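These notes are about the structure you will find just below.
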Amino acid sequence: MDKHDGFYKRMALPALIITTVVFILPVGAVFLRSFSSGSNLNQTFTDPYTWRLLAFTVWESFLSALISVLLAIPFSVFFSRYTFFGRKAILTMSDAAFALPAILAVLGFVIYYGNNGMVNNALKAISGGRWSVKILYSFKAIILAHVYLNFPVAFSLITSSLSSMPDVEEKASRLLGASGIRTFFRITVPKISGTILATFTLIFLFCFPSFLIVMSLGGNPRFFTIEAEIYKRTYTDVNPAGSASLAIFSFLVMALLLVATGYGRDERRVRRSTHVLIKATGKRLAAAVALCIVIFIFMAPPMLAILYRAFFTRDGVFTLKAWADIAARSRLGTGTSLGAVLNSLLIASGSAIISVNMASAIAMGSVRTGSRFTTLLTSLPMAIGSVSMGLGFSFIAARMPLRNTVISYLLVLAAHVVVVMPFAVRSILPGARRIPERLPLAAKTLGGDSREAYRLIERPLLKPYRRRAFAFSFALSLGEVNATLALSEGRVTTIPILIYKMINQYNYQGAAALAVILLTIAITMFAIGETGGDEYAVS
Amino acid sequence: MPYLECRNLKRVFQHFTLDISFSMEKGELLCILGPSGSGKSTLLSAIAGIDSSVSGQFLLDGKDITSIPVQKRRIGMVFQDFSLFPSMNVEKNIQYGMRDVPAEEKERQTEKLLEMVSLPGYAKRKVNELSGGEAQRIALARAVAAKPQILLLDEPMSALDAPLRKRLRSTIRQIHDQTKITMLYVTHDREEAFAIADRIMIMRSGKLEAMGTPQELYRNPPNLFVANFTGEGSVIKVPQIAYNPAKNVAFFRPEDAVIKKCIPNETDFVLKNALVESYEFTGSDYMVRLSYKGQEILVRSNQRPEESIADIYVSKDKLLMLDAE
Amino acid sequence: MKKVLSVIAVLIIAAGIIFAQSVNEQKSGQRTLTVYAYDTFCGDWGAAGSVIPAFEETTGIKVNLVASGAAVEVINKVRLEGKNTSCDVILGISDDIADKAYDLLESYDSPYIKTIDERYVFDAQNRLIPYDYGAFAFVYDTESGIQPPTCLADLTKDEYKDKVILIDPRTSSVGTGLMMWTYNALGDSWLSWWKTMTENALTTASGWSSGYGLFTEGEAPIVISYTTSPVYHVMWENTTRYQALLFSDGHETTIEAAGIVKGTKHRAEAEAFIDFLLTEAQIDLANANSMYPVNSTIELPAAYDYAPVPERIFTGSSDQASELLTLWTDAIVK
């Protein structure tokens, strides 16, 4: 007899089914199409060109992930140990980069690091036109942009993992005379090795389907990823079957990686947290300030560059024209700015709320039933790039008998939920793991049933994690564009779609202004998410 | 008819197998005593229904509760780590188990319970502000509040320090006497069990070694393990006394032996020329450690041992004949 | 209770937003027409903003406009939808991908086809009827101080190192156009041009948006675009700073067309729409799309003086494009 009466299984099951179905449908559609005529699945798998693409894609993803993680570790160690003024602000700002769609990262980078960008203009001004540095349009620019977008992920995940671990072992090590470095490598690193691997995998999977950044900032047609090739086969070749075969190939590679890194593997159960943040003073405070400055210098400028561009033309003339443009079109309806903002908010809230609730059920269920399969299953959507996902959804959309605005909304919402779920689950799992099983069992000895125990005892303890999951899900949904484009059919315009339209209309200022709105919303969300830390110490 | 009956409880562990049947009377405080890793906690969890790995049958007040889910069993439990609900304050924790009780009555009962555990006025306190001793008392109050048919306590003192333990265990005994709730108390601390139990059940490696009142177990342990587990004592191998051929060793308590120099009685058994190894002053007497033919002997003595060689006298009716392990 | 109320309130607001956006969808009992077009066409800033309302007013036919990404997606969509498609007219199909669409369309011999310059009627069977065209050209920044190049070969010179922004033919129709241009203009040496340029250019962007964006942000003074690009800057930004370069090699054109979908239930309305495109919509189309109208009798605003019309032009077919792409990939990437 299951001591929980199968409650957790029953709770997680509907959420699991929904997530799987909504995910399986587009994947299945792509899968089926890759076997249809016009494609040659076998050929795709054996074509050396495919493998060359794979080699490049793997290489750029690997480097990006490695550097992001390595860079984040020292910062995370410091931030998880000490508290100081501005700590939360830096964490929030770093999180906000998560919501940046690739096109904005490119825009920000170009404005800041470009040959005619702020950095170069400053150098030229200082040196009288002699100094300049070509940062972009090279392989290292790709890595730089990827690290920029993913450092926050690594920083955030590793910091939160370290923060929730007691540092007793480290203290013991120091007392025994080991130096800080030795303690770090011998004690701390093994403890977080699970998190580091999971973070690395996550970032790898983010960078794998990247193509806008690779192509625009890479500077050379040789830099071409598998996802870019999928894009080409879909939109240039008009060969949906061919792109489907490649999409399946790509999916298999990424899924294999997920499984191989044991992504569903149970992390060590951490129960009691004896981890209190020490207030940094003196030398440590100086170090804190230095670290904050470094992060700020790395993370802020591209976003600030966009902010600048929203108010100044490229010639440096201050103007509010972009904002006037946006406000002028502010009536409800497709393709207008207020409409786009409302749509984005609506869809982001919807996907975040749905995902957080489903993710809580799944996370709690998987922890209590000890099922690793569940976590793996919900992580699978990360193995699909957004172009492929958009492809799959468009196959489905084509089959639907009835199409109107409401259907488009629902499809977009479904796609966003699929994209967002793995992160929601991932954010809530540590919280679920920290709740000792004793608590719901104790509740049951007092006469309450499992549902009541979950509602009154376990879920309140998940609150800070749910908040975080909500913030990340919201931000991710805000920035999602590829799948949305494929499904909206012009009926649903979100902020990123509008940004693309603006850019297509030569209106970079408008795009920058919208980007500012996007970032402001994202930062607000994250600020809310970061406040209220671990409210309830679990005893 | 026994109140709680456990029949044929079995489970295979890595190093031993749990295999036990026992029963309890209504209103008694039974302690399950045994070394760590003897399966006691698993047994308790199985009774509560929160561990499903033990096979067997459970009867409570004549009813078979084996397949009844946890929340319907009305079995309360107090855990080693208190397991208070962190998102609720003291009051809400205590009131969690109060079902079908109107609001004012809940408040009244809460105050009464808090007084019973000597924490009046703690109702609005936050759970993470409590000290260990306070938390355990709240856990106790919470369990009692649900009016369980039987209360299980799983090594509730393990997480507390020594002086606290003494005070708390008498609180538990008092609560037991006041509320007359049947209690099953698991511990590895002999002193604790002896202090509060009506009866003690001694477990080793998953099996029931002995069951009886503290006095019975101390005075008449059924085997050497129980004898050693329930108190200090000395063991003499049988060939040296040829007393009762059916058993291998003789066992006696330190207070039942005397170091003296005079003419032995018929009823005394004498160990001649034992070497005094060391002695400790206990405040009320001396505990003397001697060596007799290579075996360690413990004797309580009113006086400090003056000489290095002594004779030990044991009254024959105080000798316990037991099997060697 | 509070929670239930707030959930209901949220649902009502959400429904309101969605409803407001769908208000424009068709009422029953009206003549309707469903048009699929690419993204940029739809939306308030696209041509649709002026063309569609004008059409609806003139004819009383309600247009249901469906946007799908790029032109190619439109074709994909109709093909995927198969017999169930509700599409009557597809719009925005350029000549280089025309081959992929023919089997989905039925012919229409519109009476206005004769107003179109012959060079631009690329489908003899009139399944795809052109409505505007553009010519690819390099646009340069007159304020950058560089010496404007005069032909494709010039771009490979050292003086233009890191000064040119190209677009990848694999992911963008402008890129494909550039590729066809080099093939048509340079003959056998087209691949070596590309080999040199991939090193000499600043970057090869993934699409026109990012490429042109880099250009206007000043990253490089030359970019591949259209001869009509400067028109936008003249009309909306009041500047003649960006100018199109006419090359001696001649220019590749791209012709945009529309067609009636096979099996349409609204043939009459579809025909009316095509006719409208070829007549009253010509100016709006040209302006909004930054292209030239196919109707040679239309008079263009003064700004179009800045869009030089090339004398020598090339046109291509989609079969050719696919083959060339494979050759290109083999040479440049492998």
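To keep things simple, chains are lettered A, B and C as they appear, and every chain counts its residues starting from 1.
Just so we're on the same page, contacts are C-beta pairs under 8 Å (C-beta built on N, C-alpha and C of every residue); 3 or more make two chains touch, one makes a residue touch a chain.
Note that the structure is predicted; figures quoted are calculated from it, not measured.
Chain centres defined as mean CA positions place A nearest to the mean of all protein CA atoms. Interface comparison, A-B versus A-C: the higher count of C-beta contacts falls to A-C. One simple way to say how far apart two chains are is to compare their mean CA positions; for chain B and chain C this gives 87 Å.
Rounded to whole angstrom units, the spacing between the C-alpha centres of chain A and chain B is 55. Each chain gets one centre point, the mean of its Cα atoms, and the points for chain A and chain C are 33 Å apart.
Multi-chain contact residues of chain C (touching two or more other chains): none found. Residue ranges of chain B in contact with chain A, taken from their complex: 48-52, 67, 69-71, 73-77, 79, 81-88, 96-97, 99, 127-128, 135, 142-143, 146, 148. Here chain A touches chain B in the complex through residues 1-3, 5, 436, 438-439, 441-450, 456-457, 460-461, 536-539, going by the rule given at the top. By the touch criterion given at the top, residues 49, 52, 103, 106-107, 110-111, 114-117, 134, 136-137, 211-212, 215-222, 224, 228-229, 231-232, 234-238, 240, 314, 329, 332-336, 339, 342-343, 346, 350, 394-395, 398-399, 401, 403-406, 409, 485-486, 488-493, 500-501, 503-508 of chain A touch chain C in their complex. Residues 14, 17-18, 20-22, 24-25, 39-40, 42-45, 65-70, 72-73, 75-77, 79-82, 84, 86, 97, 100, 162, 168-173, 176, 198-199, 201-206, 208-214, 216-220, 232-233, 236, 322, 325, 329, 332-334 of chain C touch chain A in their complex.
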